[in-house]
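I have a structure here, written as structure tokens, and I will follow up with some questions on it.
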């Protein structure tokens, strides 16, 4: 089941840079693991912004919430979630 | 080069249903052709809305504009375009 | 799986009242059937508005989209969908 | 009498984590007590957000205000209140 | 129990003026009756707008909804409802 | 001459609580004095918010500005002012 | 007493041009008369828009409402009113 | 050439009051000098807000920018600029 | 003197296509003439929209208003005007 | 390939002025270098704001993102990117 998710990352100007760098490393590793599992299906960067657009493939809402809540940078993210479904015009098997 | 595109379709209540149905058939065929060419890479339906979220892969801005302007339902669409680029965390070859 | 759905009904002033009344009767019957099936779990009216707030319980996004798209008044509705999950503070078994 | 209430929790980044944890424990206990009394009828978590959607059943506006103002996390909440009433299409006895 | 209600009246340009005038006469009579009953406690006109600000005193949400829905101009109104309660600083007996 | 005034109070999380409490006491006394003079005609609390809705009766714009600027909590308030006049439907002598 | 007023004029595309032209002539004459009386103290056109920014000098809210409601183009205007008072920095006698 | 300018002054709660007071004195003196030169043609205070509405008369955009950027309180202002021109209905010689 | 101007073109669905086509031809000719005069310095199309972004070089606000008001498609445009001035970082002679 | 870019610069009030000045010098030098390369084709200052409007000419989205992310003031900027293409009415060779 697919969801469109946008994440805006907002690091406060006075945050400890060492801690933030550690969180970014952990975030990248967590993203890679979720992509390999097929849960985080796509991620793109929005040009000129500290924002990504992602597609998640999860079994239900609870799994999506659990995944998002445990992202290392979650405390600094503004997240928007939009449920998707297959479009009648799609010819791609994996757009479902 | 990837772009995130949302299309809201707004058919006026007094539009001729025969003409609209013909446009929808033409739209679906055009979408399928563009997907086969790899230009319209993804399309998903937003749950509960007459709106889609799409990913286009084009060679430049002019090609994207040309493609969008010639969609059969273009006169009834509100379109938003966001330029994307590869995310440093992506492990998928085709998220570029 | 639960979703929070709001529906704003907007009937154009020049719509045929006989047809609209028929749609409202059909809408009410469809709502009752979906409530009995447990799909449309709750519906409340917003005071002073032609708007409802509803809770749907469906197996996936596709089912929710199918249900909403086939509501008799769908062409006159502005719908917003928000995915929900169980709240850690809830003590009710059915708030999941 | 039913009200639709949304609560966005916004903990400042520099808040004392020990104090916040204590407030969260107290909030959860208060929520459970109000649910058992039937005042806080439903609570759901919005996926990907530190926000809940709730339904309160109170005898009047003053009781709702008193209940909301005395929540342990109230100083960190942005609250929106919408009055509800029974929907003509509802077949559930408790959607009133 | 008090509610703050704003009503924006939006008469379509092509509405039948005879019918609209009749609705305005009926609206004024209905307003006067509700004021005499103490239900429509206050009404003021917003300067330069076809909008009023009102205070209603009703026994519950359902009564308020019933009163608003049966106003003659309801089909042409955009209504916003805000629940009020007594302010700790008030010294007026009737601000409750 | 009547004005509709809303006041949102926003106390910064790091404000000195002793000073804020003193300001609240002063605010309440100032409000009571203005109500006795008939200048602050009504005040209601918005349910679930640190916001009030008020009606002021002043001789001109300058008096209203002077009254609002000298409220003890003014530095922490976001204030919106809307000019009102008598509504043609009102039957109350004091809704002017 | 001064008010800042903006007026957006929105003529429907299907309005009778003869009637609209007559209203514009009447509007211009009414504006000139009010300027000579000193009630409509200033009027400027916003570049590129069918919108004006005006300053009115009236004895009270009711007079302003009466003046605005009786403008020939009032049914086609969206009006915003902001109460003004003398600025402490002004050195002009008539900015009050 | 006339411009409509609004200035919202937002002094942070933790700003040094001695420095802010000095800036306010300098701002007032600068405003008076610009009014005497005819550059700052009008200034009014918005009732209940720390905001002014002003009319500037400058020879070109660059002069307006230079004047605004060098205001003592500029670092604390949110400024909106709207180009104006003579309204066809104006009978005042100086509304140009 | 430079201005940033955006124009959204909104042709009603029931407009006479012959008349609209004639207006578009006239608009294109007018644009070309103004570009040759150096008044309409730049025009770009926003991808996926019936909107342009333009830079105008005029002697004053009144000239800009006159130019915009006499565009053949003006009755169908929503126009936003932003005054520009030379940026301190520019090395181009004509960015002024 | 052209993009319309706006940059709002927001320096926190408590930022180290020496460091900010160094960043501004570096920003200006970077801007000049990019203008000489033809990448940053235009830059204008918005009157009364710490905001610029720019036109970039890049080979693809990734290059634009790289350029924007490495601007010295990037951490303090809110950036909006809009893809442009040649307008059918343009007679300038370089508006593409």
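As written, the chain order gives the labels A, B, C, D, E, F, G, H, I and J, with residue 1 at the start of each chain.
Quick note on the criterion: a residue touches a chain if its C-beta (ideal position, glycine included) is under 8 Å from a C-beta of that chain, and two chains touch if they have at least 3 such contacts.
As the structure is a prediction and not an experimental result, all values here were calculated from the model.
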Which of G-I and C-D has more C-beta pairs touching across its chains: C-D
Identified repeat of the A-C interface (over half of residue pairs identical), from E-F, B-I or F-G: F-G
Inter-centroid spacing, chain E versus chain D (mean Cα positions, whole Å): 28
Inter-chain centre distance, chain D versus chain I - centres from mean C-alpha coordinates, in Å: 51
Numbers and ranges of chain E residues touching at least 2 other chains: 2, 45, 47, 61, 64-65, 81-86
Footprint of chain E on chain C - complex, ascending: 13, 45, 47-49
Chain J-touching residues of chain H, taken from the complex the two chains share: 5, 12, 15, 61, 64-65, 68-69, 75, 79-81
Complex contact set, residues of chain A against chain B: 2, 4, 27-28, 31-32, 35-36, 42-47, 52-53, 55, 82-92, 95
Chain B - residues contacting chain J, complex: 1-3, 60-62, 64-65, 81-86
